[in-house]
Every structure is written in C-alpha cells, then in structure tokens.
Amino acid sequence: MSTTEPITVNLGPQHPSTHGVFRMRVTFDGEEIIDVEPVFGYLHRGSEKLAEERTYTQVLTLTDRMDYVSSMLNNQAYMLAVEKLCNVEPSPRGVWLRMIAAELQRVASHLVATGFLIQDLGALGTPLIYAMRQREYILDLFEMLCGARITNSYLRPGGVFMDAPDEFWPALDKVLNDIPNALDELEELLSGNEIITSRTQGVSILLPETMVNASITGPMLRAGSVDWDLRHRNPYDFYDQINFQRPLHSSSDNFARFWVRIQEARESVKIIYQCLERIEPGCVRPSFHDVPRLIRPEPGDAYAAIEGSKGELGFYLVSDGSIAPYRCHVRAPSLINLTLLREMLVGTLFNDLFVSFGSIDLNMGEVDR
Amino acid sequence: MTDFLYENVIFRLIYCNLSGSSDKCVNEYGYVQGIFPAGFEWLAFLLAGFLLAFIFINGILGAVILSIWGERRLYGRFQNRLGPNRWGPWGLFSSVADAIKVMFKEDVVPSDADRLLFNIAPILMVFPVFMIFSVIPMGIGTFVVDLNVGLLFILSVTSMSGLAVVIAAWASGNRIAIFSGLRAVAVLISYEIPMALSLVGVLMFAGTLSLGGIVEQQKIPFILLQPLGFFVFFLASLAEINRTPFDLTEAESELGAGYLNDYSSMKFGIFFLAEFAATIGSSAIITTVFLSGWKGPDILPSQFWFLLKLVIVLIAIVWVRMSWPRLRIDQILELAWKGLFELTLINIVATAILVTIWPNPTMGEIWIMAGINWLVAIPSVIVVGKVLRRKDNKTIQAGRDNEPYPVGTETLAPSLVNKVGEK
Amino acid sequence: MIGLGLLKGLKVTLFNFIRKPVTIQYPNRRVGLFTISAANSTNPFKFFIKQPKTAIKSLLNMATIPVKIPQSSRFRGNEFTWFEDRCTGCASCAKFCPLGIIEIVTQPGGTDGQEGESYAIDVFDIDIGRCMFCGLCVEACPYDALHMGTLFERSGPVRNNLIVTKEELIENQKKPSSWYRPQFEDDSFNPFESEIDNHRQAGRHEKPSDEDMHNDWVNR
Amino acid sequence: MTDEWNGNSLATALAGENPDAIESCNRTDVWVKGEHILQICFTLRDNPEFGFDLLNSLTAVDYLDYFEVVYHITSLKKNASAVIKTKVGQGRNNPVLASVVNVWRGADYQEREVWDLFGITFEGHPNHKRLFLWEGYPGHPLRKDYITYDQSINSEERG
C-alpha cells in the first residue's frame, strides 16, 4: 500500500524568479499546488514613515524607489496628490512633458513585464534581453531629461523641474520608431509560439467579478474584459484631450494579461505622438512665487490616483499645515493585485507557479515599500 | 589480444611501439621493434589501454571546456551581445578560469545530506557519459572500441544518468532537489522509449547494431531516409540531456538549479562537466546515426567531417535552447507518450514495409524510399500535433465570460455630485 | 503543439544572431588589428611594423582601446562641483538634502560673499556614501555654487573615503553637470573637454548692482 | 471623469438606510460610526443606488487622540467615487473595527497592513496577522507615539 502526503516548500525570498525578495509557502501534492501563503516584508523600508519627516519635495525621492521599474509614474501619482492638496494649477508644457515621460515609462515597464514572463516560462533570457535592450533606449531618454535612468525625481509640483534639452526630441522620435518593431519581435516570440500559448492560455483564470471585488486594477483587470482605465474613466493631466484604445481581452488568463500589456505599450506610443502634436512652448513649472520650494498646504487630505503600469497607483496625503506630510499612504497596485494569488495558483502545476505569479507583474519595491 | 582493439589506430601505435615482439605489429613500413622485451606484451597492452583512455578522457574534458566557451559565445550572439571575450584570445580561457574557480571553492555538504550517496552521485553522473564516447567512431580508425552492440550499449548506459540525478536529489535532503529528481525520473524514463524505438528504423536499414557498421551502411545520410526517426530522436535526446524545451530537471526559473542546489565546488563542476559532455555525446550519436558520421568528401580527413557535423548539431541544440521556452511537465509527458511514441510506431511500420519491398536497394530505390518516408513523416507530424492541441482549445473556451462587466453604464444624478471638486 | 510559431521564434533569434551586438564594453574595448590601426590613424601594415607586440595581441583580439560611455550633460554624477567663492554658507543645500548628509559649519566674517556679507566656511562635507544623487541640493542653492558632477567612478574599499571634504571639493576638477544649470547645456559644452576658466561666469545671473539688491530685498 | 459623491448627499442617502450610523459629514467625506461600518459597507456595495464595487484604498491616520480609518471606494458601474471615514480608538485605547473583507476582498492585505503599522484590530478578518513586520515586533511604527531607532539613540545620547 502506498500513501502520499503533501509537501511544503518555501519558495523565496532568495529565489531567481520571485521578482525580488518575495516568499511563498507553497504546499504541493505531487506537482499540483494545493495551498499558497505569501509572506511579505523582506524589502520593507518604511517609506511611509520616512515621508512623515520629509518635505513634500523630498518625499519625491522616496517615490522613485517604490516601484523602481516605473519611477516616472510614481512621481506623477505623487505630484498629482500634492497638486490636489495644494490646489496648484500646473503649467501646460510641464504636464505634456510629464505625460510623455509617464507613457515612455509605461512602455518600459510593460517591456520588462513581458520579458520576464518568457523568462519565467523557461526561455534562457533571450526575450528578456531583447526587452531590456529596448528599455535601455528609453532609459537613455530619461537620462537626457533628468540625468538619471531609474531614480528620476523628474517631476515637481506643477510640472517638471526643467524643460527637455534640444537633443531629446530627435532621440525620442528615433526611439518611438523602434518601439513597435521591438514589440513586434517580442510578440512574434510570444503570441505565435505554440509552447507559450499552450502553457499560458487557460491557466489561472480569474472572473471579472472576483477581480473587481478584490480591488485588482490595471492590465490584469482589463485582461478580464473590464474596461476600467483611469486615463479614460477619470482623466488626470491632459488625458481627456487624447484619443487612445483600451486593449481588452476576454479570457482573463496568463496569456491575456501579457497580450494586454503589449497592446497597451503600442497605445502608449500613439499617446506620445499625440502629446508631441499638442505640446507648445512655455514654462514647465509654476514660478516660485506660486509654488515655493517649501510647500505648506492647508490642513486637509487628498487622494489622487493614476493608471500606473501595474494598476491604480494612488497617493493619500494628509496635511497638518506644516512643511511635511502628516500622513502619506501609497495605494500600491502590486500589493493589492496579489490578493487573489491563492485563487490563481491553487490547482495549477509547479511549472505554472511563477508564470501566474509573474503575470501579476509585481514589483517588490512597491509591495513592501 | 583481441582484434577489435587492435584495429584502433591510436592503440595500435602505442601498443606496437611498446610491445617487444608481435607478429601483428607489421605494418606497411615493416616490422616495428618495441621497447619492452618479449614476454611483456601484457604490460604493453595495459599501458596502451591506459594511455588511450587517458588521451581520450582528457580529450573529452578539453572538448567540454571548448564547448562551454563556444556555447557561451553563441548564447551571447543569439542574445545580441558579445559573450565572454575578456580572458585570453576571444575569451577562450574563460571556461578554464571557471574551472579553476570551481576547483578552489569550498566543498559544502549539507547537514541533512546522506554523505555517501551525496558523494557518489557526481561519479555516477559522469561515468556513463564517458562510456558513450567509447563506442562512437570519430573517424576512420579513430575510436576506442567498435562494439557489435554499440547502439544497445549507448541506450543502456544513458539510462544510468537518471539514477545519478535521483541519487543526487535524494541525498541532498532538499525538497526542491527532490522535485527535480522526481521530474528527472519521469522525463528520462518516458523519453527512453521513443528514443529507443526511433532507432529501430535505422537498424532495419543498416542491419547492424555496431556504430561503425551503421556509418558504413549510410549511402546517403539516414536523416533523409528516416526523417521521423531523426525528429523523434532529436527531441528525445534533448529531453535526455535536459535541454530546453525539456529542461524540467534544472528548471532555473522554478527550481533554482534543481538537483544541483546543494552541490558546490568540484562536485558541482563534475555535474556541470557531465551535462556538457552529455550534450556533445548526444550530438555525436546524432551525427553518427543520422548524419553519416565521418563520411564526407575525401579532400579533408574523416575526423574533420565528423567534427564539423558535430558542431552543426551542437549549434542547432543551442539555437533551440535560446529560442524556445520550457514545456510544462504534463505536456512533456503527453508529448512523449501520445506524440513521439505514435510517430515512432508509424516510422517503424513504414520502414518495415519499405525494407520488405526492397531488401537490397539500389541508389535510385534508396531515393524513392527517402521520398516515401518524407511523405509519411510530414502529414503524421501535423496530425499528431493537431491531436495534441485539441485539449488545449477546450480549456481556453472554459475561461470565456459571456457578459462584460458593467462599467460606466449609469451616471450619478447631478444633484449628488460634489461639483466643487471638479477642475 | 508542433507548428510554425516555433519556427518563427527560431527566425527571430537567428535575425538577432546576425545583428550587430549592442554591448558597450567598458572601460576598454577588445579590438582587432584593423580597428586598432584605425584608432592609431595608420594602416594595418605600418602599425604592424611600428608596434609588433600590440599588433600580434590585436590579431588574437587581446588589444584594448579605452571607451567612454556617451552620457547626457544632465547626468547626476558623484564628483560634486563646488565653487567656493560663490558659496555664502547659507546651508540651503543641507536643509534640502532628504538624507541630511551635507554638513556645513560656518562662522561669521567671511569676505567672499556675492550678495551681502557671508560666512566663512569651516566645514563642507558631503557623505557621498549615503548620497542618492537626487540633485535637490543643487536645486536649492540660490547662488549656483553647488553643482552635480559628471563623473561616476568614485569607488573604494574604505567607506570614510567617500566623505568629500571642503579641501577636496576645492581641489577637484570642475566638471559640472547641467542638472538644474541650463547654461551648461549649449551644444559646444562637453564636460570631458570644456573647462570653466572663470567660475564667476558659471552663474545664471551676474552680480546685481547695489540698487537692484536694494529693490529686491529691502523694498520687498 | 469619475464623479465624486457629495458627502452630504451620501450621508443623507445612507441615513435612509440606517439613521444611527452617520456621525457627521462634509462636502467630500462621510464619517460613519465604527460599530456600524460593516453594515454600511454592505449597503454601499449591494444597494444599487450606490453600487460601490471597488475598494480603491483602505488606510488609517493617527490623529493623536483617535485613529481615523479611511475608505476610498468607487462604483465602476456609475463611475462615481466616495470617501468614507471612521473614527476608532478614542483616547488611543483599544482601537477595534469590524473587518470589511467579506464586503470587499481587496481589503485583505490593506487591513493587515493597517493592523501592522497602526495596531488597529480588525474583527472578523480571516488571517489577522502582521503583513510587513514580523510577529513580535515591538509597537506599531506609523503611530505618532512610536519611538524610532534613531530617536531612541538620540535620547540615550542626551541622557
């Protein structure tokens, strides 16, 4: 007589595919997953506490380090919250510039997500390197804009800190021309490949009702054909002046999530072209008379959210009238999108564990903060 | 003195120079005077055998070092980068440096490990890999031994590597390693059957199990006569050597390094060596059995043609590894039992019919046979592929949602809206 | 399972195989004979006669030539550039630093001030080991005295060496980045070649006249 | 554009369901009494008049003499958002609130985070453990009276 018993394995925090220092306590029955318990906190840096003793501008440098593959989007979300709190009227050119930067960052983030999907599927880094190669060109643009590639600190209350240099615009054109080709290449590796389609389609299906109830947002939600994009539904900055598609997929499986990301990256390129048409010369930030270096907002609170690359990225700021926020809360999409991790994984095989996990596209810097 | 050793060029050279008197050491240049006096032929035999093995094993090690460098350069180029180029000309010494580094690392044995098995496993792993090479003819007269059951020998010896992986995994006392070991057993055992059956067609054509004989029987390369056999054997050997898309055992993104997780220092080095040697070994088998081995135009020595074909197969393996992701375990086993197994049966039946029709084919008839085999191969691959895909389509349908989630279908009454909040 | 998509994947990787690699080799590049002779502006034969040792090395792909990475003029590097004459010791930079790593000790009585009497600066330490190069200190400086640097090769085994002192800042090569200093951003400016001879020209504005200062500050 | 519910209108509408639950309201926010929060949340989700199916954010603020738990909620159907607030732990003692995990599954990790960093107990939470910090960590760091490591060092130096 033979008996079987479940086996519990700790995956992470030191594991090559956990996108950082994530830890999962997974119980297997053979190769099948029967229970998952995520364990957080290995990258907890207390950003929210640190923010309470820094001025509003200084907190900006902390937001760079939360989701470090989409710093520009973090900057944007934080600055929107500050502007809402202080009732700052932003300069139009600054807003267009930060929209361009944010959409470039979205492309970069989606490239990373897609590259890591195929890496998790077992390709030995080839697609990842193709994706990263294209991302490097985008980071070069960021270096032109603000002198840093990852920790940008580019935005300021009411706009951006400095206008783009002259050499930025031709370089941007070149990169924008290249991005669709790179996406085609990735898609050829991804969506046509029978191994990938047979491994990702029909795995980890989440129902739209469940996802909305679990506060899941972003590409994950749109892969379940829920047309919820804050750029469209609640346009911040100048997104109301821009036409763009929201790619939707109905199957809500791992493949759909990545298909949506690639299509969104394509849409971002179109958005940037539209921004380039509308951008006009002018100041990129309000004068120091309107927005001083040390902001002292009226006591009150403000919640501003943007459509980040991972989902709804929100900042909740409470002011007590001093130069530092009384409370700074980050609505981190990476953390909240993990809510349904157990539902996604239970019943699938070990091979699909990290694929489903990677399809959430989480970033440990944002999960733990 | 057995004859099969005597036909070996290297062995013969060493033996005749050592042995005192032997009537067999008369070559076209006349009688060779040996170093040893008469009566010490046994010593010459032993020494010659030992030297042959020494040259042979060190040759494999050198080839492994070179192939690691070559693979890394190729990985680099496939990934649009350079690959190692710092240490020595074109980075040739990179893997030498790696080997030295591996040797000087600390040798850690985990406290939960079964010490004896933990230490035996690397030896068990590398042993059969070297044995494979002993029967492969690398050129005219360049082989260690030409067994008349060479193919069977290879098939039986390669099964040992599965045992080594399981022992390594079990002895590590590590749960992730055990996953790797269990996967290895499942994959290796499953793929041995299509692997063995895919060679049956070759045997029918060649009429011999000796690898030297198979090479000599190939009037045209067997890849043309046996497309299905080649296809199945190539995939099966990818599975046997744990290469993508069948690298479940070492699945980097899931298991870290699988059964190698707890190995360090030279034990890890031996596993690594065995893995690359196995890659070379399986490409050598493919070259010998399907690509007509050392045969080629006479302008260059036969060894060169063998090496050229070997390198081409190696590049093909690297290319596949760089391009394709991994299959899931159920898909891999399904492919073995529901796909490749059936394909080999089709191949055997088709080949058997052809061999019965033309027992002693002329050159023209061989080409006709090749054409018929290709006509059988392509539709059967497509049909089997379609059959395997059907199940996937079903699961996709299950996930579809009928009604879209309502978003923005209603609006809030204007009296309830916080007007001041608007821009 | 077996289909054309897999072949398409093979095609993509093959296409990338024959593409030019994107690798930038830093700090030096391995080159062959032709490249190195071109770098020395001779033809291969002359180069072979002139420097046979290097030429043989280059045939084995072991010769190297140094490489500079192209970088933006706004690059926020860690060799801080500080113009001591312009600094009034107001410590705005220290206040704006999110990490509080700039230490400034002053005493009244300096003479180098631009606007009004300033303080003599005793200590001006920047702990680069903890710096995150956000550039807020540069943005805070009202007199354009502090600039980000353009270099990035300051590593060492001792953590204390990473504290840049006042003397070091004075002696350093002045290679300022154009982060928040748009005057450095014209086409001719190259941080590796250009030098600012007259540091007083580095500012965004000239020294205002007494009348202007009076209007600016007293009548406010 | 997502419409923001006027706090006063929302309070009036909610008072129709449960008149005791509303503590106060202003133009943007509604303060709900802590003991009624679960019922109010069920109403907000299930009543088609409100239809708040998405919990954007759940967090807490330490106002020294009490804690305030803030719910940002959105109705996808109506594309409307609202802010619900609750004061708990008057006088900083025994902050306890009913968990809303059964209403919105998305509150799961956010409530654990609030428990971890503020020490507000959520009754009925299925997995009421700390999220980021380890079990047995002293104190709840985002409380204003929490003494950080740096502060403790400095106070020791001062004597």
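Per-chain residue numbering starts at 1, and chain names A, B, C and D are given in the order in which the chains are listed.
The definition used in the following text is that contacts are C-beta pairs under 8 Å (C-beta built on N, C-alpha and C of every residue); 3 or more make two chains touch, one makes a residue touch a chain.
Quick caveat: nothing in here was measured; it's all calculated off a predicted structure.
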Notebook entry, point to check: Using each chain's Cα centroid, which is most distant from the centroid of subunit A?
Noted result: B
Checklist line | Separation of mean Cα positions, subunit D and subunit C [Å, integer] | finding: 47
Checklist line | Centre-to-centre distance between subunit D and subunit B (centres being mean Cα positions), rounded to whole Å | finding: 60
Notebook entry, point to check: Taking each chain's centre as the mean of its CA atoms, how far is subunit A from subunit C in angstrom?
Noted result: 30
Item checked: CA centroid of subunit B to CA centroid of subunit C, Å -> 51
Notebook entry, point to check: Multi-chain contacts in subunit B: which residues touch at least two other chains?
Noted result: 78-81, 322-324, 331, 389, 405, 407-408
Note to self: Could you pull out the residues of subunit C that touch at least 2 other chains?
What the structure shows: 1-3, 6, 9, 12-13, 16, 22
Checklist line | Junction residues of subunit D - those touching two or more other chains | finding: 1, 76, 79
Check: What chain-chain pairs meet the touch criterion?
Finding: A-B, A-C, A-D, B-C, B-D
Notebook entry, point to check: Which of the residues in subunit B end up touching subunit C in this complex?
Noted result: 76-82, 85-86, 88-90, 319-320, 322-324, 331, 335, 339, 381-382, 384-385, 388-389
Next item on the list: Using the touch definition up top, name the residues of subunit B that touch subunit D in the complex.
Entry: 405-412, 415-422
Notebook entry, point to check: Which residues of subunit D touch subunit B in their complex?
Noted result: 1, 3-7, 9-10, 13, 27-28, 51, 76-80
Checklist line | subunit C to subunit B touching residues, read off their complex | finding: 1-3, 6, 9-10, 12-14, 16-17, 19, 21-23, 25, 30, 60-62
Item checked: Sites on subunit A touched by subunit D in the complex -> 40-41, 44, 46, 48-49, 210, 212-217, 226, 228, 230, 233-235, 240, 301, 303, 305, 312, 314, 316, 318, 326-327, 329, 331, 335-336, 338-340, 368-369
